[in-house]
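Structures follow.
Both of the next two complexes hold subunit A, though its partner changes from subunit B to subunit C.
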Partner chain A sequence: MIPGSIKRAGRVLALGLSLGLALLLGWAMFDLPPAEIRLPEQVAARLAETGVSHPVTAVLLDFRSYDTLLEVGVLLLAVIGVLATRAEVRDGVEPAPEPVLLALARVTVPLMVVVAGYLLWAGAHRPGGAFQAGAVLAASGVLLRLAGRLPAWATPGFTMRLGLAVGLLIFLIVAAGVMVGGVTLLDYPSDLAGGLILLIEAGLAVSIGLTLAGLFLSAPAPGANREDAS
Partner chain B sequence: MSGALLYALTGGVLFAMGLAGMILQKHLLRRILAFNILGSGSFLALIGLGQRGGPPDPVPQAMVLTGIVVAVCATALALALARRLLSLTGTMSLPGDEDVTD
Partner chain C sequence: MTELLFDALLAIALVWTALRALLVPELFRSVMLFIAFGLLLALAWARLDAPDLALAEAAIGAGLTGALLLDAVGHLHRIEDARRKQENPEGRERRGEPS
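After this line comes the complex of A and B, so read on.
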């Protein structure tokens, strides 16, 4: 057992070090010289090749699409991990649906689906895109779950698993498919780039929405909180 | 001092606060929260530093958008693991720390 005084000294040390780090970070930010490489100008100069007119979408799905590809892989891994750690749960009693939430869900969920579609389309030329659309879809899934219209996910069926993976699959097929034309991975041809990006984003929006909703939906129902330890 | 630098400095402070929380807190839920504060601090610093010199830089914005989604997934996985740990051992702290049961 560590004596209390040493423990207290350790706490003070950790606090002091964190404070020092904050000061060091602040000093470094004050002292930071302007960037040598002007990334916004480089992005603007080659924006025409990407088929989209919004720079953030162009960076996400063209210039740095490798990051996005790996990110979607991470998402899929996370939801697989969450489903794998889900213990066997005895059937719990689903709580009675809240009438207010139910009415709210009836009004807002169709609107949210429309908004998600709009965000997906708008991503090409203004703020929006697959991530925002997926987040709105996921929020509608969470709302439906809270309103008692969706059951908890025990084991997702084949369609659901396909939906979780479709974003990564489309992305991989497009990424590798362009190599048939003799270019490198993820180097879309300029004349097709806009359509390919929209195709990838549509798949991503579905998968991101299902994944984020699934991370919430895979939690057992409140009545079923006794998990078998075996 | 520009507004962008203020965001970046706030991000630095949040990062340090999150780090202190991760070291000092034993309860896993608090640690996961501290991890999120730490991550939000680094996002804020990236966005702030990315728009120091005039118009916002789209590259850090895209990086942060990627980072936010990954952070949400990592948090959900951490919560699922913490929940499993609670159901298996009845404690919400890592082995070696004092037990936290609530």
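After this line comes the complex of A and C, so read on.
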């Protein structure tokens, strides 16, 4: 590592500074006083009101559901941005699907859909939930795309666009709907909370799955760039 | 004792794969190391008793991001190949590209 150029010297300097900062932060960690606020106890004390028994789901979809609502909005905006800025894709050369990959996809994709359903259901009382279920759904979409069973997204039709938005729509409808009962936004009534959370999560799983898969599926076909460049 | 040893190895492997992912010159290897880093990070979350985060990290961080990055690397290689062919039609072949 001889700093032959200024660029390299700059890199070494940046590395040194980052390492120094990391050490400093690590050292500061040992000096931290114990936290004043005991969030786990506070969550546990009011878990019964949320209709779910898993504290992470209770925080994500009840105590801090406003954050999750905005997060889902950000995801929707991101996929709209990807679809809007995507270059016009000419038909690329679709490579012939690998037979092994195709066979693997045939076996695993149905299993992945079942796993996604399980994760969604399990979210109420153990680790799981909409994000994990959506990610597994998206992974099955990517696998189908790689195996050549799904075409790249051209322009998403009405159903696909509805699917992308359905999570946020259901979330907004429930969030605003409870206000009819005279309570504030997102303050679900305790006896309905479990069902409402499951409803929101089901919509979210579909939307998150489509959004994450869409990031991959809206990429041009593998041969498309070759034609553009040559 | 065994647990401590495992955690120490995990921490070292995390920092090492992260460093390697940033420092290797070939993009393809960098992406591979990034995926390995994501899976190790999922293990770390599981060790910290955060299975929710472990699931999300394995599926989104390692799986989907890895697939997206691999796709991007494949496209970059093809663009580069095409440019090379244009500049130097009888030029040497590049090494095999990941697809």
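Just so we're on the same page, the second predicted complex is superposed on the first by the 212 of 230 C-alpha atoms of A that agree within 3 Å, B and C clash if a C-alpha of one lies under 4 Å from a C-alpha of the other, contacts with A are read in each partner's own complex, and residues count from 1 in each chain.
The criterion applied here is as follows: a contact is a pair of C-beta atoms (placed from the backbone, for glycine too) under 8 Å apart; a residue touches a chain by one contact, two chains touch by 3 or more.
Computed from a prediction, not measured in an experiment: that's the story for all the values here.
When the two complexes are overlaid on subunit A, subunit B and subunit C sit side by side with no clash.
Of the two partner chains placed by the overlay, only subunit B lies in contact with A:A14; subunit C stays clear of it. One geometric descriptor of the composite model is the angle centred on subunit A: between the Cα centres of subunit B and subunit C it reads 40 degrees, in steps of 10. Using the contact criterion defined above for the overlaid structures, shared-chain residue A:L32 touches subunit B, although it does not reach subunit C. When the two complexes are overlaid on their common chain A, residue A:A152 makes contact with neither subunit B nor subunit C.
By the document's definition of touching, neither partner reaches A:V166: not subunit B, not subunit C. When the shared chain is aligned, no partner comes close enough to touch A:L199: not subunit B, not subunit C. Touch criterion met: A:A139 reaches subunit C, while subunit B stays clear of it. Judged by the touch definition given at the top, the superposed model places A:L119 against subunit C, while subunit B stays out of reach. Residue contacts after overlaying the shared chain place A:L102 against neither subunit B nor subunit C.
The wider contact with subunit A, measured as residues touched, comes from B rather than the other of subunit B and subunit C. Think of it this way: put the two complexes on top of each other by chain A, and the tightest Cα contact between subunit B and subunit C is 5 Å. Applying the stated touch rule to the two superposed structures, the overlap between the subunit B and subunit C interfaces on subunit A comprises residues 56, 131, 212, 215-216, 219, 229. Against subunit B, in their complex, subunit A makes its touches with residues 11, 14-15, 18-19, 21-22, 25-26, 29-30, 32, 34-35, 39-40, 43, 55-56, 58-60, 63-64, 67-68, 71, 74-75, 78-79, 81-82, 85-87, 131, 208, 211-212, 215-216, 218-219, 227, 229. Those residues of subunit C that touch subunit A in the complex are listed here as 51-52, 55-56, 59-60, 63-64, 67-68, 71, 74-75, 78-79, 81-83, 85-86, 99. Of all residues in subunit B, only 5, 8-9, 12-13, 15-17, 19-20, 23-24, 45, 49, 52-53, 55-59, 61-63, 65-66, 68-70, 72-74, 76-77, 80-81, 83-84, 87-88 touch subunit A in the complex they form.
Touching subunit C in their complex are the following residues of subunit A: 56, 95, 119, 127-129, 131-132, 135-136, 138-139, 142, 146, 212, 215-216, 219-220, 222, 225-226, 229-230.
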